[in-house]
């Protein structure tokens, strides 16, 4: 009897916890190492995921992760499949017409990679006639198309992983991507044949004002809470711990 | 976002339509040419011919086209060195080639199966009559068996062509900008999800029923031929 | 060959979701099919045209487009429409539900044709003799028509299933963790795309073979039941 009562109490306790805790649905892509990816166990991991979880902990809510195709991630937010996009999305004016953003949670310039020994110069002259692989519907795509689209062929992929695969197999001559993602790939066994090239591009016209969390327009309360939580994890050292776990340098950039 | 604004995208959609038609047309044509020997191999009395044909048809009919497409496009990258040595990488490098290659093999398997059934259902009397006229193997096939099989197979073949045209929408996933590919790009620029997809759905509906109409017309033509003969 | 740096097990585990979506979609397709077949022979003009529009549209639009419409398009269309009337509603279709609904909806059209053929192949005299015995409509349907319809429809349904299960690979596009999506994850992580997708294709082939054996067995059983 005592035992039964204890089980009952335990059940009630968990039920009330689940009943009380508010869940925040976070959408991500799961194909953008080291920021968000699916590991061998089929679980999501990466910088974005850790930041998202830290923000939820700070806000005292339950995080529920939902994955979506990159092309479909904004439509999915708008059709309320989740309430926020934590997927390394750049804050751009184009996107701001449809959705809203929190303050940035990191900044990343765009960089090119070429096979070692190819000596392609990253300039309008040097990229003439080359095929450049990028992930479609990204600031990188807009930037590369805007700067070099007249002289080079820009091939847009559904995900960064696929662009990388085609870079390895030689279908594209170069790839351009967010520099941290690019360095992560170059550090892998398959990326060893290639090297980073050219300057760090941070043209705000194309590349926006850093990476933020996407939310629906009008969700001002959520926006305020997320901004507060970003500020809090920056202040209490959680952010720095996550940063150190993935990168040897500061990814936040200028305040 | 409204449908009028979509008209601004008409040129790109037309480019996409052209790619859809090109890929479907090429695959259907090459697939049909290859399907004839494949069906004959399957009907051969020699096991050496029967089995390869059987397994080819079984594999391509038993697995999803999407998997086949990824297997050819991304899978070929894994054998880049070998393919380069064989001088084939230049082809496999192109997404367009990979798409036509995969769709050709796929439709070839289905068409061979349709043809096999049709050849088997050619009335024995027709074949015997041909033999009685002194026709040899090749002539018998060209004059009697294949024309008769074509008439039987036509409706099913029409369905296969329509199926392939629709299935070609999958090539959008390997970076090609066919009708579906263009639609997905436009959505990622405008976020007009249902407007664009409904428009594209209507476009496919029109193409499908144009094809249905054409195949029906040819069918009546083929049938009239039979009636006038009898 | 199929180790894939430890990623092979998650591809194989994908079978579970493939089969679950496939089976749920098949059940739905059979229901849609029965309703569709009834509607196509209904005396009401409106119901008949509705059924015709259904099969026409499904056969005319690629599965991929229908899937994307169901998953991304319709929820937003409904929400936007509700919003213009001043309501705020949430239409949430998770990948499993959207996938099952789309595939069930599409293959329901094919089942409609299968059932229509099956109903047509039952001799008219049977329904008449049932009526003569004083059976009511529903009773006649259950006792006389349905068992025979299933007998005639089984080969057709088997073929629909074989096509349907392959179509589930499409749901990987809306991120359901079935065979194909797991293969994609493995292909990208290990950069051995051929190995990963070939393994996926073999798994589909295995499902096909098992289904064909099952179909053969069921047909034998039902043809005996139909013959007695």
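Observations, loosely collected:
We call the chains A, B and C, going by the order they appear; numbering starts again at 1 in every chain.
As a convention for this text, a contact is a pair of C-beta atoms (placed from the backbone, for glycine too) under 8 Å apart; a residue touches a chain by one contact, two chains touch by 3 or more.
Owing to the predicted nature of the structure, the values given are computational and were not obtained by experimental measurement.
The greatest centre-to-centre distance from subunit C, using averaged C-alpha positions, is reached by A. Of the two chain pairs examined here, A-C and B-C, it is B-C that is joined by more C-beta pairs in contact. Chain geometry summary: the mean Cα position of subunit A and that of subunit B are 39 Å apart. Centre-to-centre separation of subunit A and subunit C, using mean CA positions: 36 Å. Subunit C has its Cα centroid 23 Å from the Cα centroid of subunit B.
Chain contacts: subunit A has residues 75, 78-79, 162, 165, 168 touching two or more partner chains.
Residue positions of subunit B with contacts to 2 or more other chains are 74, 76-78, 173, 193. Listed for subunit C are residues 68, 72, 76, 173, 187, 191, 193, each touching two or more other chains. Within the complex, the subunit B residues that touch subunit C are 58-59, 62-68, 70-71, 74-79, 162, 166-167, 169-170, 172-173, 180, 183, 193-194, 197-198, 200-201, 204-205, 208-209.
Touching subunit A in their complex are the following residues of subunit B: 74, 76-78, 80, 89, 93, 95, 173, 175, 184-185, 187-189, 191, 193.
Listed in rising order, the residues of subunit A touching subunit C in the complex are 30-31, 37-38, 40-42, 67-69, 72, 75-76, 78-81, 159, 161-162, 164-165, 168, 190. If you check the complex, the residues on subunit C that touch subunit B are 56-57, 59-66, 68-69, 72-74, 76-77, 166-170, 172-173, 180, 183-184, 187, 191-195, 197-198, 200-201, 204-205, 208-209. For subunit A in complex with subunit B, the touching residues are 71, 74-75, 78-79, 98, 136-137, 155-158, 162, 165-166, 168-171.
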